[in-house]
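We call the chains A, B, C and D, going by the order they appear; numbering starts again at 1 in every chain.
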Amino acid sequence: MAKLYFRYAAMNAGKSTALLQVAHNYEERGHQVRLFTALVDDRYGLGNITSRLGPKRAAELFTPETDFLELFAAGSGISCILIDEAQFLQKAQVWALHELAHMHNLPAICYGLRTDFQGELFTGSASLLALADEIDEMKTICDCGRKATMNMRVDANQRKVTEGAQVEIGGNARYRAVCGRCFRQA
Amino acid sequence: MAKLYFRYAAMNAGKSTALLQVAHNYEERGHQVRLFTALVDDRYGLGNITSRLGPKRAAELFTPETDFLELFAAGSGISCILIDEAQFLQKAQVWALHELAHMHNLPAICYGLRTDFQGELFTGSASLLALADEIDEMKTICDCGRKATMNMRVDANQRKVTEGAQVEIGGNARYRAVCGRCFRQA
Amino acid sequence: MAKLYFRYAAMNAGKSTALLQVAHNYEERGHQVRLFTALVDDRYGLGNITSRLGPKRAAELFTPETDFLELFAAGSGISCILIDEAQFLQKAQVWALHELAHMHNLPAICYGLRTDFQGELFTGSASLLALADEIDEMKTICDCGRKATMNMRVDANQRKVTEGAQVEIGGNARYRAVCGRCFRQA
Amino acid sequence: MAKLYFRYAAMNAGKSTALLQVAHNYEERGHQVRLFTALVDDRYGLGNITSRLGPKRAAELFTPETDFLELFAAGSGISCILIDEAQFLQKAQVWALHELAHMHNLPAICYGLRTDFQGELFTGSASLLALADEIDEMKTICDCGRKATMNMRVDANQRKVTEGAQVEIGGNARYRAVCGRCFRQA
């Protein structure tokens, strides 16, 4: 029976690279996958999943209206759904992915941030942390050498920002992945 | 530097047993710990942490008013805080435990349920899933043999209950730990 | 499809407690299990699996001659094989457990030490680390507060012993679970 | 205190990609790393670590004579040692990496295969599984959809090969990453 996976990390841990590798692994074995990323994230151009190592690849865009059950419940011919920026999923979408895994035997592997710059769960992350059958952390380091767990928003002078919208329109916000101690001391 | 740990599981996986074992391990090496459990859970009598294997042990009760920073920030002489039924922690309490770990080098290991009978995160679980430095699942099995991930409330006839309060006054609710598929098919 | 599990730890992490909890969880749901422990370990009397928290329970003894395939391949009526002191399994026995999992759908969960007092793998541990479908570490602490990963043999004066048989006849050897640094500095 | 890491996987899981991502993450933060790969593996040309996604990068070659203590114990200016094809390390080299982590605070992250085409540990893998402070599996799939755990050598007709040298001179051997069941049924 298929499972719903959530692989979370702080910023810049390599989530998109890992997603592209999984897609490659499936396809190399003759399986088909479909890749999705959020409409909201346009850092690298709409509809691309981009590894900071270089590779990038077109992906379908999901919006809050995307109906994964409608897309896949009737049969899809694919072996896995791969979703980047999964912190932006809606709660109902995560329940739909859970249903696809458990009632239609279609696995979904979701990559996303755990928390925002204030340490609050994103909607998609909260639902995935509630329902995912497997939760795995992708590790990256803080400047101090410890594991980074928090995403700190900083201004142009690298000073910590504590107020503002969860997602900045235009995506001009700057972030640093830091450990719990550096997050508090900043 | 100390960490904040969340070890989550479905009902009856053995969380309390594991907590008692960790307490034993610390004490056997000459370290002191303090044990807490929620006031709300009185299945085994107030103020006890009880392993279904037999062992039980008195614990301090935490309520929504318990101020962990006040208790421990000034120095405590203990090596670890151990919290059972951690799904009932308040958000501010989880932030306090995070502060104790990262600013006062005092680790906390929290054991608790992930979701309630409707598949919703508990307040304490949501905050721990957001902030814990290490998230580990304790595994148990569904009757069908797959891993149990959901807590299904059942009535006296073992029929699934889908409506009601998150925690039933008096604790008469019955639960079964089930996998995602059995949860949906029930 | 069933899996072969290896849950390893340093001394005194709580392996036997965890095994007894898993047995309890299966039986509570109406499943039957069979418990094995090594003939070699008679700390608590032959044929017992004993939690340092108190609970203990009779178990079958395995020796290098125990033929798990013969015992179980023809059908067993059980849902899981639980093996304590699994570091003492022979290589062929681990292959047999792997065959039972993958060809007869009978899972085995093996608990054992990873390495001896010289940092060498035990025969059973080496085979389980090679073949297990899931490898999980059970964590415990060193006196210094770090994770214990090594088993240091000490003499009556708590001095590190570096020479001797892998297993001492009579079981008089004393051990301390320590981190890599304390193991080297001792 | 630094740790020794072993991240193992079957063939073609994406180990080299993951290593290159970790190197990128360190360097992006202003840390320096040194990359090693085995002399024995010349699939992509000597001295390269190559992601099947495209990126590749020059690496130093380690042989059985490489003395990591000599290279790094006196101070190195680097933040992490990254080793690909770590299954080819010698036992003494793994002990040296363990010493660098625990006595010189220099972490090493080793990527490698767990077992050969006969299900036997490689020398380097055995030593890493014995001594690593953190063991993590990188998952990939078998053609049947289950997790691949074994490396099956196949001939030109895709038939399973069961006899031969652990490493074929010239590297002409073909492999498929398969699950335990497919490995046995082939």
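For the reader, a short list of remarks on this structure follows.
Please note the rule applied: contacts are C-beta pairs under 8 Å (C-beta built on N, C-alpha and C of every residue); 3 or more make two chains touch, one makes a residue touch a chain.
Owing to the predicted nature of the structure, the values given are computational and were not obtained by experimental measurement.
Chain centres here are C-alpha means, and the one lying farthest from chain A is C. With centres taken as mean Cα positions, chain C sits 38 Å from chain A.
Once the centre of each chain is set as its mean CA position, chain A and chain D turn out to be 27 Å apart. For chain C, the set of residues that touch two or more other chains is empty.
If the chains shown are joined wherever they touch, the resulting network closes on itself as one ring, and no chain has more or fewer than two partners.
On the side of chain C, the complex with chain D involves touching residues 1, 4, 95, 98-99, 101-103, 114-115, 119-121, 126, 129-131, 133, 135, 137, 146-147, 149, 179-181, 184.
By the touch rule above, chain A contacts chain D in their complex via residues 12-14, 17-18, 20-22, 24-26, 28-31, 51-55, 79, 140-141, 143, 145.
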